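Got a structure for you, questions after.
Think of it as A, B and C in the order they're written, each chain with its own count starting at 1.
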Amino acid sequence: MSHIDIRDMSFTYTGKRMILKDINLQIEQGEWVAILGHNGSGKSTLAKTLVGLLEPAQGTVAIAGTIITPETTPAIRKQIGIVFQNPDNQFVGVTVRDDIAFGMENLCVSREEMLERIAFFAKKVGMEKYLDKEPASLSGGQKQRVAIAGILAMQTGIMIFDEATSMLDPYAREDLMKYIRQLHQEGLTIIMITHEIEEALLADRLVIMKEGKIFADGRKEELLKQPEVFAQSALVMPLALQMAMQLDDEATFGEVKAFLWESTFAK
Amino acid sequence: MGIHFREVSFHYPQNQLTFYQAIADITLQIAKQDEFICLIGRTGSGKSTLAQHMNALLLPTEGSVEIFGSLITNKRDKKINYNLLRKHVGLVFQFPEYQLFEETVEKDIMFGPLNFHVPPEQAKQIASETIKLVGLDETYLKRNPFNLSGGEKKRVSIAGILAFDPDILVLDEPTSGLDPQGKIQMMELFKAIQAKTGKSIIIITHDMDLVYEHASRVIVLHDGSLIYDESPEVLFRRGDLEQFHLQYPNTIKVLSALRDRFGLDLDIYQKNLPDALLAIKKAVAR
Amino acid sequence: MKNIVLGQYLPGQGFFYRMDPRTKIIGVIALMVAIFLLETIPQLLIALAIGVVCMLLGRLSIKRIAKGMRPLFILLIFTFFFQILFNKEGSILLQETLTISLASIGAIIALTILWRLLAKLRRFRFLLLLGYLAGVYFSLAYLAYGYTFASFVFTVYERGVEMSVFVVIRLLVIITLSTILTLTTKPTDLTQGLESLMRPLKVIGIRSDEFALIISISLRYIPTILDEANKIMAAQASRGADFLQGRLKDKIRQIISLLVPMFIIAFKRSEDLADAMETRNFIPGMKRTRISELAFGKTDILATLFIVSSLAASIVLRVL
């Protein structure tokens, strides 16, 4: 049985138009999955069904063998952390410190431990100097950093990032990705919704959504060999691969192409 | 004409005793026409704060900003028609949620034109034209802007500014949250607007590829100070960008990796894919 | 709207910030009682002076607090005139027949024009307003020429003046007290303090944690609505509807166009907020640990001493 198991799931906000249609998705423990897809394809909606915020119209979502129902959600949520797309709507605390602490408080982490983790994760996202600031007085990227720290500090087994790095500078993004990779190596399950193909390349597996359905799902090495899949779902291939594909003269560019492929996956 | 910053500093009040200096001593001139400026810098460097000075949403604590001939200082001047300034300079906010407030997408897009005295029927017409420009279809017009996906909201927020046809466009991270092809189309749209009308466009972004490919001028902020104001060609030849938490564009990164790996005589400073391919072909032929 | 301080926490330093919220809550209540026990204007003035000294010692900016209380000045002015007009005790200080006549109406119109013209002199706005009101009063009192529409007798009694000054100062002191509390105490600390203080009430069946949650959510909500208003105003301003510009008629229309979305958005926001709290494992009524610890320290002991002696002093004054 898979760690995350979505079966024949459909979802609708209004009762009329189905936003998610017949989703079947199994994610194993310790996998790193990137979810891609055009605007409005249903990525955020899917993420919300995973944490029991939205209830499927049909089908089931199960986490670690337990099907999500109103009764089981509290227990299930202890295993999942989610960073929402808009950092602004997830500030609970009055200060950055309180906000990072909020999730831990609910998990009954001891005060000493909390202080330690806050110090650690605030530093991790580069917000250690802002602990006493109010959320309203942070820049866009700083808000995203705090939102991320609040979820990392909960140390859940599954972490979902919904375009959580869209407003970070390249340096901060790289830094965070390094840390997520470390978490991944420690065995965490990571689901990353993103529009940045270079970011998605860090994952093992790509899930591409289109118009509420899963359009393609597979290991990145496989999917990247099919440019048509990308073209049909509003995506763009990584630059190095675009180069490799357009250098068609195998005899002259063989070596160059091999290198471009290799370096794309070496990330 | 255009926008002229003269030694501008801005302080956010922090508590009763202290303040936070978000931008410091910025002097900067933006022409009314034909500029394509990218404003970059690490998170919290003051980009959004600077942008909000361009249409007098924030008033400088020190110094002055001249916007289309009106001198903005730290006191609100009764003689200045601020609404007119907003017609000159259109600002798209970083968070679309900060910008949308009407019950339907249509009303939201019409809000600007109506304020600038466009007749209602014509404003409606404009709304249905602009929504298509930003890559959504007319069915979105009747929807509630708060029930859209992140990228859809972003598109509507851009449409709301394009709709009243400002003379200068200031866009705070207009491509964050857009899907890759949407990003390309949005940039094409801005380019087309500029080609047609010559309007200056200022874009805040963290996307170095976009900067390298499109900007004619890059302004770099760091801790509230303006450190570079130059062409992207000059900027990305600098060796110290990482120190300011910036990066090099992908083309440069990939090409330099190739050059180092194969010892090619390769000009790595290429702005887009076709040029990069040509350069590789040339280098390999050598 | 940026400067509304009422009920909003403002980070800072100084001993008010170091105090235990419980001390502050009880202290404010006790001091309010003490203020209500005072009976004369001089006593109140002394209390006000002590308050100001405390604020200075606690490094609170009085200017900033006064600025934040500005919306309440209307309340103060209203109370003041209410007392003057309707308190009819003591000896008569002033009695005047006010007449609305052609001449007085003409004079008032002239004064109004003059006032609006001079209003550009921003710095003397308050004095100007006072002058204007005085002018209106004198025109009504002495310019009874031409056709008379109506006239009435305006009487000011001694007690009326006394009481109005007294009530206004008392209100001022009380508002200041509660402003200090909310200004220097984080909402979370405030609710935690309340919760802890109300724990004994469990005996009579009141769940203090639920009560505290309701309070904390409403406290969290006030700034959210204000924030929302600010954001919408910025959004409207940047699309050609600047709130600070335009005639009164435009402003009224704009306030209406602000109110509806403000509540809709704030409501939507609170939904998102509830989602965020839920996904971070918040379950109302469940046990949780706290990052901020309530601790009774040296400052609190001093403060308690101060509060107890103030209360004692006012009781003594009252009884004597």
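Quick note on the criterion: a contact is a pair of C-beta atoms (placed from the backbone, for glycine too) under 8 Å apart; a residue touches a chain by one contact, two chains touch by 3 or more.
Owing to the predicted nature of the structure, the values given are computational and were not obtained by experimental measurement.
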Overall pattern in which the protein chains touch one another (line/ring/star/complete/other): complete
Comparison of A-B and A-C (more C-beta pairs in contact): A-B
Averaged-CA centre spacing for the pair chain C and chain B, given as whole angstrom: 41
Centroid spacing, where centroids are CA-atom means, of chain A and chain C in whole angstrom: 46
Inter-chain centre distance, chain A versus chain B - centres from mean C-alpha coordinates, in Å: 26
Residues of chain A whose C-beta touches two or more other chains: 86, 89
Junction residues of chain B, two or more chains touched: 14
Residues within chain C bordering two or more other chains: 11
Residue numbers on chain B that touch chain A, as the complex places them: 12, 14, 20, 41-44, 47-48, 94-95, 97, 147-152, 154-155, 173, 176-184, 206, 208-209, 242, 245-247, 250-251, 254, 257-258, 261-262, 273, 276-277, 280-281, 284
Contact footprint of chain B on chain C as seen in their complex: 10-13, 59-61, 64, 120, 231-232, 234-242, 244-246, 261, 264-265, 268
Of all residues in chain B, those that touch chain C in their complex: 14-17, 55, 57, 76, 78, 81-83, 86-87, 90-91, 93, 98-103, 111-112, 115-116, 146, 160-161, 164
In the complex with chain C, residue positions of chain A that touch it: 51, 53, 74, 77-78, 80-82, 84, 86, 89-95, 97-98, 101-111, 114-115, 118, 132-134, 136, 150-151, 154
Footprint of chain B on chain A - complex, ascending: 13, 37-40, 43-44, 85-86, 88-89, 137-142, 144-145, 163, 166-174, 195, 197-198, 234-236, 239-240, 242-243, 246-247, 252-253, 255-256, 259-260, 263
